[in-house]
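To keep things simple, chains are lettered A, B, C, D, E and F as they appear, and every chain counts its residues starting from 1.
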Amino acid sequence: MRINRYKRGLKKLKEVDANAGEQVIERLKDIAPDLARYVIEFPFGDVYNRPGLDLKSREIATIAALTTLGNAISQLKVHINGALNVGVSCQEIIEIIIQMAVYAGFPAALNAMYAAKEVFQERDMIKNRKQRIRRSPI
Amino acid sequence: MRINRYKRGLKKLKEVDANAGEQVIERLKDIAPDLARYVIEFPFGDVYNRPGLDLKSREIATIAALTTLGNAISQLKVHINGALNVGVSCQEIIEIIIQMAVYAGFPAALNAMYAAKEVFQERDMIKNRKQRIRRSPI
Amino acid sequence: MRINRYKRGLKKLKEVDANAGEQVIERLKDIAPDLARYVIEFPFGDVYNRPGLDLKSREIATIAALTTLGNAISQLKVHINGALNVGVSCQEIIEIIIQMAVYAGFPAALNAMYAAKEVFQERDMIKNRKQRIRRSPI
Amino acid sequence: MRINRYKRGLKKLKEVDANAGEQVIERLKDIAPDLARYVIEFPFGDVYNRPGLDLKSREIATIAALTTLGNAISQLKVHINGALNVGVSCQEIIEIIIQMAVYAGFPAALNAMYAAKEVFQERDMIKNRKQRIRRSPI
Amino acid sequence: MRINRYKRGLKKLKEVDANAGEQVIERLKDIAPDLARYVIEFPFGDVYNRPGLDLKSREIATIAALTTLGNAISQLKVHINGALNVGVSCQEIIEIIIQMAVYAGFPAALNAMYAAKEVFQERDMIKNRKQRIRRSPI
Amino acid sequence: MRINRYKRGLKKLKEVDANAGEQVIERLKDIAPDLARYVIEFPFGDVYNRPGLDLKSREIATIAALTTLGNAISQLKVHINGALNVGVSCQEIIEIIIQMAVYAGFPAALNAMYAAKEVFQERDMIKNRKQRIRRSPI
């Protein structure tokens, strides 16, 4: 049964972000491989596999949470990638982060937006959306 | 123009939670009416009115953020009501809060769930969903 | 020398809020009297006694910090009283808390403002300033 | 296998605090029984059951963490009880909380100490230790 | 009217820190120009422009808040510069940060002080104040 | 008397981590030497010198607290070194950090574990414990 949790967790994690899963396993393998196993089993094997909330909504919630925490920029970048991979658009990610200025303050929103910019740049998404930036008329 | 921000903010806030807006205005009117005005103008007049993310997704993000903060239970209850009002289901709210155990820890998730329970009870939603509780087979 | 730190700390704490000091000592006396002693020696005996920043500015900084923390409402109320005692005005306290919406988010600012309202009411300060509420023209 | 995680988790949770486990299950049963199950399976079934750190040290770490969080007073009280149940002394708990003033600030330490006082009073431990309060000579 | 908020916000932001405003606009222009606009309109156009608290006191509050947050070092450096620009002295900034050890813990104070040191060094302020460091007699 | 607090604080700090103390003093000497003095006097001269909790348990509590804060990685590394110096084992440190996933969330635990890995690598402890990594059977 635990093998099932691990297997389905790894499958779900790869669905979200194929590289991130491997990197966590690799990075923890000679210090705390069990923490990597828990990351796969509990968040991805248990929680993200639950019915009742679609994966796109789960990534929206996660980006909001990681922006609010403010000290998990590396995990935020993983989940910005993950959100894009499961169908959240660039613009939706930007909107979530702007909204966090209301709840977590402007510094948290700004730092998260800079992280999003790095992810978008790594994926060459900035230039492709130049005309598409939502810009409210002043 | 500012009147427009206030007006459209009040309209949006009423769309989310009609009572909450009035309570904030009432509660702040003899100490800091401008803070009430800012609540209406910036979060609701500016942010929640933006295109690019639907209102249901905005409430998902807000519930995630307020659960993560952990010290905004009263605002969390407003937005659990708000989420229900704009079409987020009981089960989706429960799923968001469970997921926050991963990012903000179990105490934050438990305290948010107790707040959700109070909201659901005030709205008589617990008894109506007895069979519908998602219960994974053990 | 330690007696001096304690003595001058108690004097400074009484300057800020005479009741609060006694309440902390009383409340901790049968569980952790040393924690009460440290509260008097380090924050009040060492820090608040330092030259280089006037007491009014120190209370401004403390109200900002406690509003930002968001989970120290009881200490915030002590220092709202303290700020009033050392010459910070009602309006200045309100302004600091409004400003914290920018850095710590609106829920933190709202909860701090409700705490300020309680303090002002306990001191019968609301009715005395009815005309004086800063209200920007809409 | 999952039954094993649940069973050994429930056993461990009862070892820490017999009442707390049942209360969480009871309180969540009609809203999110799966969250109660996760509380039992992951923290208690997986983590607290690990070798490599004795249960007393685990409770020391948990009291430090919950004091630092500052917004999990109810969980802190559960673990102050739990710590006492697994052999951490009153005085050790007081020492951990005093130490947290250094890392999480004095308000966090004070609020945690007031919670500890309530637990000690519920267990009639205050009067029994009157002479034993550590009081450094001034 | 919105143009007025933007214009007076930009003016206030330049009064606080001329470079910082342009950098935020530049850094966000191809991802979220509206977030840059909100930074200018709400914090600087609305809040910092309010009467009732002088700009020096506003910067004192902001440095306290950003030190307390602990994860907004880049914004803290902007406002340490801003504080110096509007008349807060080096020594006053140092005092605010020391005081935060009491409320947010020593790590937050230490990390903020290292940030202040970088700002002072960039402005060649360290060497100019060598004799003026407040040093209590031991 | 203050000299005694400073002297015994410096002695205790050197017992925990000889380099760290000197680095803090060096780094703060031309900006805020009094903050360095307070670090030595209060945490190490007062708190860590108290009887009632052994030094190993104190370091366990501190690692838990710093992992939970999430924004004090540099201080966490000092205390991972300190913990090793006073007899906490590699494996115990790993266990504390894994346990923090429960209370502070997985991102906090992961970032703390990466910090621990760096400390262990600097001390050449990874290779020496290859066979000793606790690995639960899957």
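By our rule, a contact is a pair of C-beta atoms (placed from the backbone, for glycine too) under 8 Å apart; a residue touches a chain by one contact, two chains touch by 3 or more.
What you see is a predicted model, and the numbers here were worked out from it, not measured in a lab.
Peer 1: Trace the shortest sequence of touching chains from chain A to chain D and report its length in steps.
Peer 2: Tracing touching chains, the least step count from chain A to chain D comes to 1.
Peer 1: Examine where the copies chain A and chain E touch and state whether the two sides share over half of their residue numbers (same) or under half (different).
Peer 2: different
Peer 1: Could you find the chain whose CA centre sits the greatest distance from that of chain F?
Peer 2: B
Peer 1: Based on CA centres, what chain would you say lies at the far end from chain A?
Peer 2: Comparing chain centres, C lies farthest from chain A.
Peer 1: For chain E and chain F, let me know how many angstrom lie between their CA-based centres, rounded off.
Peer 2: Chain centroid spacing, chain E to chain F, equals 30 Å.
Peer 1: So what's the Cα centroid distance for chain A and chain C, whole Å?
Peer 2: Averaging C-alpha atoms per chain gives centres 39 Å apart.
Peer 1: CA centre of chain A versus CA centre of chain B: separation in Å?
Peer 2: 22
Peer 1: Two or more other chains touching the same residue: where does that happen in chain D?
Peer 2: 2, 34, 38, 42-43, 50, 66, 69-72, 94, 98, 101-108, 134, 136
Peer 1: Which of line, ring, star, complete and other names the graph you get from chains that touch?
Peer 2: Drawn as a graph, the chains make a fully connected set, so complete.
Peer 1: Quick check: in the complex, which residue numbers of chain E touch chain F?
Peer 2: 70-71, 94, 97-98, 101, 105-111, 113-114, 116-117, 120, 126, 130, 133-136, 138
Peer 1: What residues of chain A sit close enough to touch chain B in their complex?
Peer 2: Residues of chain A touching chain B: 42-43, 47-48, 50-53, 57-58, 60-69, 72, 91-92, 94-96, 98-104, 134, 136.
Peer 1: How about chain C: which of its residues touch chain A in the complex?
Peer 2: Within the complex, chain C touches chain A at residues 101-108.
Peer 1: Would you pull the chain A residues touching chain D in the complex into a rising list?
Peer 2: Answer in residue numbers: 1-2, 5, 34, 38, 42, 46, 50.
Peer 1: Give the list of chain B residues in touch with chain C in this complex.
Peer 2: On the chain B side, the touching residues are 2-3, 6, 24, 27-28, 30-35, 37-39, 43, 66, 69-72, 74-75.
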